Amino acid sequence: MPDEKRVRVAIIGATAYTSRETIRWLLRHPQAEIVALCSRRDPQPRIDEIFPELAGRLEVRCEPIAPPALKARADVAMLCLPSGVAMEHAPALLAAGLRVIDFSADYRLKERADYRQWYNRTHTDPENLSHAVYGLPEFHRAKIRSASLVANPGCYPASAALGIIPLLKAGLIDPQDVIVDAASGISGAGRRPTPEHHFPERNETFEAYQVGNHRHMVEIERTLDPYVRRGKSSVVFTPHLVPMQRGIFSTIHLKPLQPVSLEHVMQVFADAYQDEPFIRIRPALPRTADVARTNFCDLSARVVKSRIVVLSVIDNMVKGASGQAIQNMNIMFGLEEKAGLA
Amino acid sequence: MPDEKRVRVAIIGATAYTSRETIRWLLRHPQAEIVALCSRRDPQPRIDEIFPELAGRLEVRCEPIAPPALKARADVAMLCLPSGVAMEHAPALLAAGLRVIDFSADYRLKERADYRQWYNRTHTDPENLSHAVYGLPEFHRAKIRSASLVANPGCYPASAALGIIPLLKAGLIDPQDVIVDAASGISGAGRRPTPEHHFPERNETFEAYQVGNHRHMVEIERTLDPYVRRGKSSVVFTPHLVPMQRGIFSTIHLKPLQPVSLEHVMQVFADAYQDEPFIRIRPALPRTADVARTNFCDLSARVVKSRIVVLSVIDNMVKGASGQAIQNMNIMFGLEEKAGLA
Amino acid sequence: MPDEKRVRVAIIGATAYTSRETIRWLLRHPQAEIVALCSRRDPQPRIDEIFPELAGRLEVRCEPIAPPALKARADVAMLCLPSGVAMEHAPALLAAGLRVIDFSADYRLKERADYRQWYNRTHTDPENLSHAVYGLPEFHRAKIRSASLVANPGCYPASAALGIIPLLKAGLIDPQDVIVDAASGISGAGRRPTPEHHFPERNETFEAYQVGNHRHMVEIERTLDPYVRRGKSSVVFTPHLVPMQRGIFSTIHLKPLQPVSLEHVMQVFADAYQDEPFIRIRPALPRTADVARTNFCDLSARVVKSRIVVLSVIDNMVKGASGQAIQNMNIMFGLEEKAGLA
Amino acid sequence: MPDEKRVRVAIIGATAYTSRETIRWLLRHPQAEIVALCSRRDPQPRIDEIFPELAGRLEVRCEPIAPPALKARADVAMLCLPSGVAMEHAPALLAAGLRVIDFSADYRLKERADYRQWYNRTHTDPENLSHAVYGLPEFHRAKIRSASLVANPGCYPASAALGIIPLLKAGLIDPQDVIVDAASGISGAGRRPTPEHHFPERNETFEAYQVGNHRHMVEIERTLDPYVRRGKSSVVFTPHLVPMQRGIFSTIHLKPLQPVSLEHVMQVFADAYQDEPFIRIRPALPRTADVARTNFCDLSARVVKSRIVVLSVIDNMVKGASGQAIQNMNIMFGLEEKAGLA
C-alpha cells in the first residue's frame, strides 16, 4: 500500500494490558504503524519479553518517554499510563506536536473539583483539560475529528452511556433515577498482581466492589449531564467482577417519565444509531461473548413493569479501551472509521 | 450414636444435581441416614454410576418411586423432581405418612392463578398446596416445625427475600420499587445438557436471561407481600449467568421512604437476624466464594444517593437448595438446626 | 484492492465451530471472500442466528450443499463436516471443479485399513483419497500447492508432528518410543451439547479421555512414518481436557538414540523451521495463551535425564483447524502464505 | 461427645491456604479441636479477616509461634509454613512435647545432600530429620502411628507414588523408565500473588513449568527407591498448571518388564489397596472433579502398546495436603482413620 496514508503511532506505557490490546489491533491495521513503544521502566524490556505472544511479530525494545525524539517519528501518542501519570506526560507530547489519545481518566472530567474529589489529587494540566474532547464517537464525532487531545472513555461509562443517552435525548426517562449494575471481566483490573486478583481468589467467585464509590460513577453522570434538560443526572452505579478475561455487561434500570412500549424504546435506539458502524441493536438478549474481541456495542432492552431495562454489552478491552482509541484515531486522521477494526 | 434419633431420608429424583448435593450433606449428617434413592429411570442406575464421586461411599441402586414401600423405611421424602412432576408424587408420599420437603416450585405459590400464569399449567394438588409451608426458616420457623409438606424456596427468592424482608418489616422501604439484579453459577441450571450451557458457550461469557419473565420474580413478590402494609410488592428481577459452578449474588436496590443511614440499615439487619445460625451480617462486601459450600447467607449494604443497595450472597446449591432443605428437616424433626450443616 | 486476485470460498457445514472460526479469519482476509455458506439443515438458518457475533458482519442465509450451483461462484470449498460425512460430499465438489480443503479425518489416512479400524467404516471415496495431500505446509508445501484435495490435519497431530518430525529427520530419536501427553481446550469437542461437556461437568475439572484409543494416535503415527528409517513409528498418545476454550499443549517425551544436548535439539528445530512463518522456536516454556487466536506453533524443549521433552503449543481452532486451512488455501492459490493470518 | 478423646491442634502458619483447608476439615472433625492459630505476622490478624468464609465459625485472633505456651494447650502442631521456615520452628515444638505434622518439604528428603541440591540450603535440623516419618499411610502406617514428627508428602509425589509403588513392589515395571506428566489446580501455588498467577495470566491457559527441575521430582524418586530391587528409580517429571482451583491429575507412563494385561495391573492395585479407606480403584477413567474436596485417590490404568498408563487423581489440598495430614493425625492419636474425613 505504498501511496496510502499511514498513521504513525507511539504507544506510551507500553507494558500495560491496554497497550498489548492496542498493539494487537494496530498490527493488523492497514493504515497505521507502530513506530515507538515507550515505557517508564529501567532497564527497558523488549516488548515480546513482556508479552510472549508478540514473539516474531513485534520484537521491539521499549524506549524512554521522550516527546522531542518522538516528534519526527510519530503522528499520535496513545497514552496507556495510569490516571495521574498521564497528565504528567501529555503536555510535552502535545507541545511536541503529537496528537494524543489518553486512556486514563485524567482528561475525562471537565470539572477540576470532580477530579479532585474522585481521584484525590489536584489536576496539574488544566490548560489541556479545557480543550480535551471526550472520545465517544457516537456523540462527539465532529469534535474528535479536530481534537489534539482525546480522552478515551472509561469502560463502564462507555457501556452505560451508549445505553442511556438516546433515551435521555428522546426525553423518555428520568435522569435522576438511573441504576447501573455492571459486571466486568478481570482484564480491566490491569497487569499488576494483587491479592484480590490472584487466580485462586478470583476464580469461581462473583462479587460487587466499590459500591457507591467507584470513580466511573461520576464519569457516567458527567457524560449524561449534557442531555439532561434540567439539573444533573443521578446514577447509582454498582460494578461487579466476573471470573473471565473480557467483557462488560451493563444492566441499566431506567424510569420512564410516562408509560412506554418496548417497540418505542427499540425504535429510539435504532434511530439514534442507524449510521453507527459499531452499535448493534438486537432484539435478543446479548452476551459478552457476542462482542468479545470486537469493537461492537450490542444493545437490547425490555420493559418490565414500570422500568425500562437496557442491556448494553461491550468488550472492555476493545470498545471499552483500545478499539475505541483506534476508532478515535481513525476519525482524527480522516481514515475510514472501521479501518483496522474489522 | 446408638441412642440418638436418626431421621430416615428418601430422596426422590435421585439423579438431579440437587439430589447429589443433598446426598453430600446427608452422608455427613450425624442424625440422618439415606434409606432410599428413587428415580423415574428405567433401568434404575447405581447412584455412583451417575455421580462417580460417590464410589465407595454410597453405592446404592436407585429404585422406583413407590410411596407405600417407603412408608416403613423413611420419615421424610426429599423431592428433587422438576416443577410439575413433584405435584404428581407428593400426594401419595404424604398419604403414606411421610413428611415431604419439595425442592420444586409446585407448592411455593399459594395462589393457583399465579401458578397457572407463571408455570403454564393447572395445579393438580390444591389440597396439599393449601397447607404447604414456605420453607424459609428465618421467617416461618414455627410453621415449618409442624409442617407435613414444606416448599423449599427457590434459590433467587431465598437470596432476595433474606435481604429485603427485615427492611420491609421495619417500614423503611417502598415495596413497590424493588430492583433485584442477581447473578448465578451454572449448577442452578440442572444436569440436562443444553446448547446454552454447553461449556464453550457458557465459559468466558456473562449474560442476563429471562429479563422480566423469570418465574422467580413472582415468588420473590409473594414472599415479600405478607410484610407489605398496603397493597402488594412490585419487584423488577433480572437474573444473570456467571461462568462458575455455584453461588448467587443479589444486588438489591431499595428506595427508602425517608432518608436513612447505613448504620440504621445494618442495625435493622443485625436485630432481625441476631439469633439466626445461618445469616451473617458483614460490614465488608461479600463474595460468593465466602459462602460456597456452606448454608450461610452473607448480607451487607451500602447507602448510595437515594438508594439502599443490599448485597445478599448464598450458595445456590446449599442455602438455595439442599442445605435449606436439611435445615428445614432439622426443624421438622426437632434436631439441632445446624446439625449436619457445619 | 480492485485488481487483486480474490479467492472465492464456500464453507460447507457452516454451523460448525470450525466454520465460525474460518469465517472470523476470512472476514479479515484481504484476498479472500466468502461466497456461500452451505449446511445440511432444513430449514436453512441465517448464520448470525447461529453465531450472534456475526450480526452486522455476515448476515447470510445458509443454503443446501449443491456443488453444481457452487461451481461458478467458488474457487474452493472448505469442508467443515464431520468425518464420514465429508467423503459423501467431497467427490461432487471436486467433480464440479472446486478445490477442496477438508477439515475431517476422511482423507488423512492413506491406508483404507487404518480408516476402517479407527473410524469403524469403509472408506467410500478411495479414488480421491489416493491423491489427497496431507495439509501440513511445513512438510508438504510443494504438494499442497498443486493439490485439488487437501486433508487438513487433526489438531493433536498437527501439534505433535511439528514437535517430533525435525528430530526424527535428524535421526536423533527412537521412533518406537514416543509418548505424547496432550491437553486441549473444549472448543475441540464441537458444538453439539453432550453430558460430558455440560458446563457444570466440564468446569473445574481435568481428565484424560480415550486413553490409548483416540483416533489421532494413528494419525500421528502415519504422519511420522515417512521419516522413520526402518519400520514404523509407535506412539503412546493420551489426550486430556482442560476447562478453557482454546489451545492444545503437547508434552512429548522422546528417547534420544544417543546422549544429546539441549542446544543441539534447539538447533535442529531452528534449522528445520528457519523459514517457516508460523513456527516459533522459543527458549522459554510456552503457554497456550501465547498462541491463542494465532496461527503460530510455539516450540520449546528440555533434556531431562535420558529423555528429550518437547513442548509444542498451538491454538486448536487456528493452527489446529481454520488457520491451517487458510494457510493451505493461500499456498494452493499462490497468495502470500501469511495473508489474512496476521 | 463429653467422654471422648479430643485431639487438640495448633496450626502454625495459619494464614496459608493449607491452613485454611485444615481449618475447614477440623471444624467438622468430631474428635479434634483447634486450640491455637499461630502466625509470623505482626500485628496478628483475626483469622476471619484473612478468610472471610470463617466469619461466625472461627473468629480467633492469631498468636505468635510460642512452643512453650502451646505445650499445655495442644497435642499436635500442624506446620503450614514454607520449606526452610518449618525447620526453624519444628525443633522447639518437638522439644515442648508436641507431635508435629509438617506440610513443608523440610523433613521429606532423608539425604541432606538431596535437600541441599534441590532446596539450595543446608538442612539445619538433621537430628529430627533422622527420625521423621514420611506420612504416606498406605505404605508407612505403622511408623506414622508412633512418630513424633511426620513429613506430610508433597501433592505431586502423593499422587504419583500411589499410582506407581504397587506395580514396583510387584516387580512389574522398570524403575528407571518412569514418566510422570501431572497437572495441578492453582491453589497449589499458595496465597501470595505473583505475576504468573494473576487471574488474567492464569485463566484460559495451560502450560508446563519447571520441566525437569521441579523439586517434587526427587521426592517422587526417593519415595519409590525403597521398592527398587537394584539401584534407584529414575523419574522424568513434568508438572503443568490448569486454570481451576483444585486437583492433581497424574498421567504415569510405566514400562512393563514383560508383557502384562490390564486385568493383571488392576488386580495388583486392587490387592495393594483392598483395605485402604481412601484409595478407589476404578475401571473408568477418573476426573479431578470426582475427588474434589475429598481425601480419596482415584486410580485407573490402561495398557497402551508397550506401556502401562496409570491415571492417578487426588485433590491437591486434601489427599495432597490437609486431608492427608488429618489422616496422619488420626493414625498418630489412635482415632478411626477416616474420622473427620467423610
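Letters A, B, C and D name the chains as they come in the text, with residue numbers starting at 1 for each one.
Definition applied: a residue touches a chain if its C-beta (ideal position, glycine included) is under 8 Å from a C-beta of that chain, and two chains touch if they have at least 3 such contacts.
Note that the structure is predicted; figures quoted are calculated from it, not measured.
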Minimal step count in the chain contact network, chain A to chain C: 1
Centroid comparison with chain C (C-alpha atoms), farthest chain: B
Between B-C and C-D, the pair joined by more C-beta contacts: C-D
Centre-of-Cα separation between chain D and chain B, whole angstrom: 37
Chain centre separation (chain C, chain D; CA means) in Å: 40
Separation of chain B from chain C, taking each centre as the mean of its C-alpha atoms, in whole Å: 47
For chain D, residues contacting two or more additional chains: 203-204, 243-245, 286-287, 289, 292
In the complex, chain B residues that touch chain C: 17, 186-187, 189, 191-195, 197-200, 202-204, 243-245
Touching residues (chain side chain A, partner chain B) in the complex: 179, 181, 183, 185, 201, 203-209, 211-212, 234, 236, 238, 240, 242-247, 249, 251, 253, 285-289, 292, 302-307, 309, 311
Chain B partner contacts - residues on chain D that touch it in the complex: 27-28, 30, 52-53, 55-57, 204, 280, 282, 284, 286-287, 289-294, 296, 298, 342
